[in-house]
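The first chain written gets the first letter, and so on, giving A, B, C and D; residue counts start at 1 in each chain.
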């Protein structure tokens, strides 16, 4: 199991890569982050969390929130209730998910592309009177950190530039695969994405993925089978159009966000979170991916 | 570890599904197979092979051969020599790989779609004077069965209906990503696909994928790192447009063929081969997938 | 020049085709039309209008309104002001214009597909305080019929099922090619489409296309060059994905609507309007196209 | 009707545009042409031909030959025999015709895109024992110039770089829409394209398009109806992805070739050929289009 010193070595080894990627700047609120931040945290099977670098500094988790929202949906719906509305296959679209949604008549390829996340948020909205509040509570509980908040500034900024997501939502609506009010669901979605958490929070919160569905607090959040399935989906679709490369180099189920965070899991062993704001051309944290690659090599551990 | 009796239970449980799928019939030579055949074989970490059903009856391995040809290419070329010509990402195209090859300027998404397998065959052809002979020898050695042969009838039949594959090859040639003579490479490719092997042969031959690259005969065929990478590619792209569903249900790296065979691997534990000729709508063996799913559940084992 | 009797012959010849097409029923308000209606009206160079069949019965002009809105835009903007935001090429997309808008970064192919009509409506909205009122006035003036009205029922019904058009508008907005409020522009657009006019009204109103830009009332609505250009656009893009077939069979610039109307023009000679509610597979009036084909053959006139 | 002096004015006015386009250089044999060549020739209703600039200098007619081959096919097959294998619609594909052929299951959109021309050549090959010889004879007869030849150098050079066309042909073959031997048909096609003719030859040869199907020599080559239909197809699909713009600016049915030639027609009035080797971004002669535009404006003539 990784010790503090190993994590520090990983951070030091990868730090020189800072400068090779590009911070997401499609909204100003994200573009202002310090590109020199770099962090890793690991929660091991015994429930201990260790970290290195800026692992206690919160960042915008962005699409990593899609893991939380899918988990929430799994607790609200039957398997069929979810998978008749969203697929389980990698999108394989380097250009754009909108074309796919059109060609496949309103059914997004998987819950981790934007279209899929909107469907999941629509499902949650239909069953929850206060979905944003519920999500915040859940995330605070999972990480044991009651100070976690939404970054309203980021959420509002996303909404201002949400034309593309609105287009996707309306397209799905035209195919009968979107029930709620588009603006309301978009706002929920952007709030989930705007959660600010640090690497320690995230590695703790994701522990259930490494622990057959049981949280750090001992609560069975989802079943072991659901956990296995969720990990499978993360392995094939968690890293946008870089899932194959990530499996090839890192070999762990994972999920990235444009805030520069990536969570990853070795089932039975550990949950991990890395953070470095600069992204590669697929929109995944460049140094973050390298940290996971080094960690995997150092430990000689992966799922393959 | 699975015993004979468990495999027989798996076969018996799944046998009633025969009749729900469709035998591949795009060439007559394939359409003539008996749809009632059903088989499983497992080679465990200690090198023992057990089987049930028709596990000693040879069938057309078809696209399973793409694992052998990629392995051969890995031994002939540097990493860069291969991955500059073919990608590592799931294709995610339910409609067709030709569109993708066009949009991505001649670079196939991964080595397991047709376009990618043609590039791999082109790479082999450029370095091997007698690639078909070499492939046959390799496969005989890996499985320890010197009676394995090409089915010339199937190979010739495929060639007669190869217009679509020729179209893909010429398209890649137009982008500068195909060097050899199209007909020659197509013929090699169809020969690899026409190999007749039984489930026992295949589970033995694929043992290196479960054994960090070392064959059943103790030969280090590829490095442990290459093995891990190959398994990662199989996990994300080995089952056409059903890779996500397969990961979700079975949770093992695998590769299917339209002959109804599927090989799968639990790294460190076992290599498996199942066979049932009827296919699901993604072109993967319907009962075969169910056998793997049951085996995974019975053993409580998967990579997730 | 066609006389009453010729038009009656055309109607009689084509009437047996009623029953071979399909009335548009994506909104109830359109589906309720009597499919047996059939009509033709011609306004000749000397300003006379003759008609046959139900040529005095008003119907929903739908996309024929796109000719009026483009004409209005031509009077409000410079050439560049329009053509930097919408193309002049046939769409050639049998599947869907949304894919094209995505691939061509928010610029619709031409002003007669839905995406293009939305951009034109957006342009009008930016320069007109009361665009719906203005459009109504214009159309009444052009046809000399002050009783022409919007069908509010149709307009509201369209708005209720407008998710797909909203999706297109938001997609263009995401590329910076849509300025106004999406709902407001959609509502204007649906009002234009809901105009109820009869064949006589429409052949009169479109007379300027046959008369070098001068209306029946002697007003120079657009320049002769603009008129020639507008006719050229109608010839290449006026009939959705059936423009080539229409040119081949009818040989006139034209514009169809899903209400079953088609307007067509022989520059210098006449403007024509036909109506029959049942549509062919391209969404153009089936019997309407045949009436134009017969008229063209009878008169020995076309632009080719 | 245009006199010599008008044509000279047109050439002089447009000559300064030389330098703004790009000579086709995908094969060396085409890239060697002198970019300063510029020419126009007109054959009027009375059968007289006048020209200006380099109108007696032969150039590679390239895709203009598709008009001749479609005309030949019209004389060999019934209407249905042709139009069940190729469409009549503009392709509207800025990216590539291969995607369209795939999506529309082997049926090219029209006879003037590469895929369509290959189908037409395949049709001719099936009915003609010596199609290249027949084509040459026909073209010599139509233009009254017995010195017209193929440029074998160009034809062979095209064949050497024909992978993309081979890909398209094999794709259509895979859909059952290509009968002949791919290499043989490609060679015929490239020979047709390699014809060397001058502007006077071409304006004479195309005279039948302006003369209701009757050639300059008084032979009824195709019927008046077929002529009208052919002109309609040229108007909607003759200029690749620039057909809409060409109709808008020039307003005549036309066909361009990458050798820099364009033929155009005002039915009943005249056939025209212009030549200037530099192309615009759609692959049509840049100065050539401008010459036609000026001629149309000067004469106040177009089909609209």
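Please note the rule applied: contacts are C-beta pairs under 8 Å (C-beta built on N, C-alpha and C of every residue); 3 or more make two chains touch, one makes a residue touch a chain.
All values derive from a computational prediction rather than experimental measurement.
The chain pair with the larger count of C-beta pairs in contact, out of A-B and B-D, is A-B.
Taking each chain's centre as the average of its CA atoms, subunit A and subunit D sit 55 Å apart. One finds 32 Å separating the Cα centroids of subunit A and subunit B. Annotation: 48 Å between the Cα-based centres of subunit B and subunit D. Touching two or more other chains at once are residues 95, 103 of subunit A.
Chain contacts here close into one cycle, and each chain has exactly two touching partners.
Residues 87-95, 100, 103-104, 109-110, 227-229, 231-233, 235-237, 241-245, 247-249, 251, 253, 267, 302-304 of subunit D touch subunit C in their complex.
Considering their complex, residues 95-96, 98-99, 102-103, 163-164, 166-171, 173-174, 178 of subunit B touch subunit D.
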